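In what follows, subunit A forms one complex with subunit B and a second complex with subunit C.
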Partner chain A sequence: MTLTRREALGLSAGAAAFLAIGTKVSFANADATEAAIMEFTGGATPAEGKISLDTPEIAENGNTVPVGVTVDSPMTADSYVASVLILADGNPNPAVATFHFSAISGDAEAKTRIRLAKTQNVVAVAKMNDGSTFIDRKEVKVTIGGCGG
Partner chain B sequence: MFSRREFLMAATATSALLGSGMAGNWSRLMAQQGLTEDALLSMQPTGNLTLIHITDIHAQLKPIYFREPSINLGIGDVEGKPPHVTGADFLKLYNIQPGSPDAHALTSDDFAALAQSYGKVGGMDRVATVIKRIRAERGNDNVLLLDGGDTWQGSYTSNVTEGQDMITVMNALNPDAMTGHWEFTYGQDRVQEVIDELPFAFLGSNIYDNEWDEPAFEAWKMFERGGSKVAVIGQAFPYTPIANPRWMIPGWSFGIREEDIATHVEEARSEGADIVVLLSHNGFDVDRKLASRVDGIDVILTGHTHDALPEPVIVNNTLVIASGSNGKFVSRVDLDVKDGKVAGYGYRLIPIFSDVITPDAEMAALIDEVRAPYEADLARKLGTTESLLYRRGNFNGTFDDLICQALIEERDAQIALSPGFRWGTSLLPGQDITFEDLHNACAMTYPAAYRSKMTGQMLKEILEDVGDNLFNKDPYYQQGGDMVRVGGMGYTIAPNRDIGERITDMTLLSTGEAIDPQKEYVVAGWASVNEGTEGPAIWDVVENHITKNPTVKLPDNKSVKVVGI
Partner chain C sequence: MATPKPRVKVPKKADKGEVITIKTLISHPMESGQRKDKKTGELIPRKIINKFTCEFNGQIVFSCDLDPAVSANPYLQFNAKVNEAGTFKFTWVDDDGSVYETEKNIKVN
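This part shows the complex of A and B:
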């Protein structure tokens, strides 16, 4: 019988790819993530608070990780969330999604599922109608699994 | 007291045989302390409400030996804090006399010698006696019996009946609620079928439907006991679909989801709960962190990591209770509830010394009945062990070494990997190894022993990954299993370092050569979480090995070096 490593241990293909490429890529992706944040904020450093990410501590399946984001905002014509940028700083391409809102959105909440190649930070940045920006970051671990109990 | 006299005589005889001052000391102490059922069970009652907690029974219906860990490291903030204290340090911390019954129950020091005198522990008929007695003493309407899960798995009979032997026995004990972990390894359909028929609540605040991301289980339940409203929130093992096969429970998602627990605490309080209890399978460190972050939980009955602590650990006004495993302990928590608060508590971690506690006759008969169809198989002798065989501890135990040896020889491999489960009973030097004993170490629903080729790089990555699941500084990133057991390869581990930097000096033991990251090695292992894994069942592999080598002799493993702590 021949088993591939993946069959034997449930290593995600993404993690294997990461190992083959090595750590330089992860620095490059961290840079790309910073660059994407700066482009979104127009060069300003986003503040902490108002935005909160909801992610699992450890992904059950790195290929489809549920990610939720909520921004604290009255969502009125005077004060609303304009958009939220989601990034994954360890993926080959950090860009994941941008959600656009308006005052009539009611709540500034969004949920999606994303693929994570390996253990990394998921980053969410909110841009308000007045141009101010807020950031949250959560580490999500992508693990081989097994052996627990 | 059916065997107290025999018991004390045996103790005296053993101490005479050993002839050491130590042995004489503890047998005398035992006599002085009068190790009787009354002494084990009696406690000064407090308040009107009693919680009885039992957890991680792992399907052990009959008395067994279970050696507590000699190494159980805590990393980061929990370094040196209970339960990460073992041996003499543990005895000192809790002011327990070495060689005493409590010392033997709670630590591994002199395990084999003391076990000869104190006898086996556990047995659900003895547990039944304790539970009945507490109910009689406190009054049925004042007691809640709560099962923390890992109840249906861990023995031959549970595996062949898909947990039915345990379900039958537990139903007879009439619990009020349970939560789960290994229960889920019988698959989603079986679990659903059982829960639909269960005469009590199966609670899981953190189990969600995968498709619609909606709660899939009853999260909490209100009980009226001892004149108080008691809310019990259930928390299943958060990493079930990662540590165990996700394909067996495709419709369910887990996770810690502490915000859900906070929501349920608020709901319970708004519905008039005087007391909020979290019946948890999170593991000790996860529950300690959770207690510090979620307000308003009065008691956490923790499970999963199999820790047994003689006193609650108090965090943010929450009593965290750790009740051991394998039916070796039952916890009694008395609560004095006043104005929606715990005004006082009493706690007793009751060790179930099976030669001291009289079996409950009804339960003994029921256990015999559920085991009867399998008795001939269970009793079959496979070999004898000259060494103490055990698993529990952060790194290779001797029972794991036996399994790894069998994998290497029977599957013609260079290196063996065996999961660091915390279940698995112990055998004393001189004991027969029966079919039942072997299955106590490996009975589960994904037993295929694979044979595969892996590079040195891959092996290192596996050790790093499992090491991080155990030693991550943030408990929320821990999965609660111990380190993967390795045969045929030695390594050094620095638990305090980060992932990728813990494992060094990987060495192929057969040649003494360093493991080459680029080179492929033949690896045999079992308990892969992946669907479609092929190979013979691990128990057949180990049985074949023991049949060929019927006298087992295994010194403690020296091929794992722990540094930096």
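This part shows the complex of A and C:
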């Protein structure tokens, strides 16, 4: 079989696209992230609002990226934030941390420092004591990845 | 490796019902289990702090499950509502089962 120049170019472009997809699957974990959110919420799709994620727009060093999360809640015995799940969808494993609050936490607010392998979305999902869930996402641009590669 | 040293910042006193901010840090490498030894090319086994708990007079205020994506020397900042004088107890649990603890007292005006 002989290929015209045009066909040959098309084929190689297709192969390149395939390769690009291949490398993406081995690292990005969009599906795993969605699965982790669904497991946390018990199958419900979380609503927007109430929770806000505080991340830097650009992180120079992916080894320590400061991440803060605040949830709007009165934090009384009847109505409080039970837990907040933090995920990073471009890390080899999306799980980052889970905060568990109580009625005596005062404010549903917590901060920590996390590792990000590359530029990606950080996701925070809050679960209230009545079972309702809220979500926020922020993209963080990472200059130097932080998974010790 | 040196024994992880916990450091905690809690105000010495607070007004009744005040919401205070607590900052904690523990020295720990948080080995993710993803890194390879540069000489042998073998994976360095995972060793992280996987659980943190803060109790106030025996009641849990805040706890956290940590995964390998948390940075080395894990830092945590959170709040607590103080209704009475008492003791905050902080506990970190390591992958190998070691437990690191520290306590702080607070007075109420």
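Operating definition for what follows: the second predicted complex is superposed on the first by the 116 of 149 C-alpha atoms of A that agree within 3 Å, B and C clash if a C-alpha of one lies under 4 Å from a C-alpha of the other, contacts with A are read in each partner's own complex, and residues count from 1 in each chain.
Operating definition for what follows: a contact is a pair of C-beta atoms (placed from the backbone, for glycine too) under 8 Å apart; a residue touches a chain by one contact, two chains touch by 3 or more.
All figures in this text were calculated on a predicted structure; none of them were measured in a lab.
When both complexes are overlaid on chain A, the residue A:Thr98 reaches subunit C alone and has no touch with subunit B. Legend: residue contacts after superposition of the two complexes on their common chain; A:Ile58 is shown touching subunit B, with no touch to subunit C.
Once the two complexes are overlaid on the shared chain, A:Asp107 sits against subunit C while remaining clear of subunit B. In the superposition on chain A, A:Thr143 contacts subunit B only, with no contact to subunit C. Taken together, the two complexes place residues 111, 146-148 of subunit A in contact with subunit B and also with subunit C.
Across the interface of their complex, subunit B is touched by residues 1-11, 19, 54, 56-61, 66, 111, 119, 141, 143-149 of subunit A. On the subunit A side of its complex with subunit C, the touching residues are 63-65, 68, 75, 88, 91-93, 95-102, 104-107, 109-116, 146-148. The touching residues of subunit B, when paired with subunit A in their complex, are 150, 181-182, 213, 237, 239, 241-244, 246, 253-256, 259, 304, 419-423, 450-454, 457-458, 461-462, 465-466, 468-469, 474, 476-477, 479-481, 484, 499, 523, 525, 527-530, 532-535. Residues of subunit C that touch subunit A in their complex: 19-20, 32, 34-35, 56, 59-72, 74-81, 83.
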